[in-house]
């Protein structure tokens, strides 16, 4: 995103830079101000670990000005009522007070773990998941490693097999819903979410469900995906413990 | 237990048969009446999937009579106050009403799944866990296969290693508490619970935590425990689906 | 509303009839189909006893056709995506699944009480509240008894007094938030809500908070509002018990 | 209790002083150490605002020594297992972890309000309740004002009337369960609890339920109990606000 903004700036392009962070905020490092994003939107139901119901908007001065002068009809992009009321600590409409309390707790949990640790955890889970997918002999939809996601991994099923039937078998047999392919990817792709309130053992359970599901649904694959993921997670765990010991030993001198 | 009772009957022994079902009721088939047990005790916090707080007693006529004629001081074994008040639907002391509502829901969940399915699930998880333990090259504490438990598996760590240090490493690194060895087994054994509100993927996550923990804590073991467990679970899943298809096919003729 | 529709029909007026039922649905009798309403909107957070987060739309064929041919930009009024996905049991966007479970329970609660009883309860609480207001010597904002609401009562404070300071005193002293006057009524009116999961004793507590608050905040009033409300509620309770006894006696003959 | 201890000390009596604080701890001032109590017992379900499930024991050195030398059979009074395990932060049996988390929050709530404020609130509610009872023309069971309770008020129904039928009518009509008279007081007394997570408006609702219930059940009484209670609560609220204003004014100089 920083590169996108840089290119826009170089070209002196007047367009607003809008970013959808719904599946990434609080899971992957993100800098609204530093990257000069104009509008960032997010929801409560992913990295913020809450039920759906809250939408978040971060809006630059430039976007605000554009919104006020624009003459198109708008509703979600019309921030004035909210901004006016927020000044006094209020909402223009009935607020989801219960979710605001939940948000306070979610932010507290994120701060306790530390954002750098949260981001590292999502990266680790993304990498472990991709290793599992490769061991199964399946293809990751994302081709460019720079665009690998720490929060969700889309996997292609072999030609002639239905990702939706696989998802159905896994849901029925193991009570685990996987994300569907959207639009032209429907039936060709299933998505493994690994974000939010999620840890190494949940990921192991998740990948186990996929590995068993591939077998149960008769989708051709190699075994060993879970083992490959566990290797990566174990390695990370050993390093993290060595680091702690190092710290103890250094500070203990 | 049926055999114990039969032996007691054959010997015309007057002793009461008392059974502690705390870690097994609603997880493993059990017949208080059929096996002529005199006193069965249970708690709410295992197979009944509730917080701790309720104790259950099933008491035979013989045990009741014994309780009334016995002259030892008793408190937990003194059932009269409870029996008197229960007749009218009341408790002699403040009841844990919240847990009684929870119990109603827990029983509903067990009935929905079907007790035979619940028992089969626990047996499957016990077997998968034991296969994992054997693949790790570790020893199961229970030597007699007739006494294998569907709800908990105790595992011996190799001589010279501390089960408690292993448990500590797994708790710190993977946020998973394992049961300790009690009494003379302390430090030599760790216990893997697999009962109650528990499914195949939770078991896979649990065993993954143990396998990674063995590596992290430096306890000698072979890899492949999780893979062995997944094989067993996958086989069971395939059979269960074949059975469903069979049913469909038969009824569809 | 039926009369509004009748007038529109008589005049053969082509306008759509749109009704906001946010503070009334499931509290006051309402007939979308029978009264030929074109669009009814509602939210989850009042009579349906849920947190905010769900919006409901009931849409006539006429409104649907109008929506499809209209060329204005729309977002909340654009129902096509929702209608298409709902056919298959899905949502076009992330659904608030937790609230859908809550809705199922809320509807079950309403059915258990019986809609006629729910409506009668709200009418009773509205009448009791108005009697309290009159006993305090204050004015009800609504002048036409045919427009009295069973779910909320707006009360005018005497000239020279601030409804907002009264509300603040009651919140600080008795931890009870009252509704504010909106728009040109701000500071002149406070609103007593009496809808949803609400019973006679909660109303008594609510009115007690207002009566004590009037005194604490120094707003001129007569005592006896709570007493007047209790008289009405007691009378209703006696009639309801007499009715039950009557039923028993008739069916017992 | 301090006087009881003083009398025991004066008489040099060797008996242990045991105090049941189940309905009073955290509602009424209590000093285990200062009053030299030997054993204090309490439960989680009253002033500590939790579900039932935790029992608390405060035990003097003298009581501990007596427990160890006593040769009677004991179970609830046998504290050794608990004391041994508590040293290391553990429980000898399955702990109600959920309630321990709840206890942490309950204590936090009590500290936030301030114990002196909590005690004053219970005294205020006790006094308001007694004023209501007197206004109804009914008798308070407790005759000695020094023994008035801030957490529960027992009320005698007139001779010839059944307290249990009154309680039944109030439960059916207003969904409010009142405490029964125990032992020889059964049917003659009903108990109004006013402790724990309870405020002025809940008390007003509670007393309204009793006043309406007396009428509905046909128990002879005068009206005006709720009004008398509200007068007392209003007076207290005015004083509390005057005090705050005073503080502001003094510190504002």
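Note that the chains are named A, B, C and D in the order they appear, and that numbering of residues resets to 1 at the start of each chain.
Simple rule for what comes next: a residue touches a chain if its C-beta (ideal position, glycine included) is under 8 Å from a C-beta of that chain, and two chains touch if they have at least 3 such contacts.
The shown structure was predicted, so the numbers you read here are calculated from the model rather than taken from an experiment.
Averaging Cα atoms per chain gives one point for each, and the point farthest from that of chain A is the centre of D. If you average the CA atoms of chain B and of chain D, the two centres end up 40 Å from each other.
Chain C and chain D have CA centres that are 37 Å apart. Put simply, the C-alpha centre of chain A and that of chain D have 50 angstrom between them.
In chain D, no residue touches two or more other chains. Here, these are the chain pairs in contact: A-B, A-C, B-D, C-D. If you check the complex, the residues on chain A that touch chain B are 169, 173-176, 199-202, 204-206, 208-209, 211-212, 215-216, 223-224, 226-227, 230, 233-234, 237-238, 240-241. By the touch criterion stated above, chain B contacts chain D in their complex at residues 43, 45, 51-53, 72-76, 94-99.
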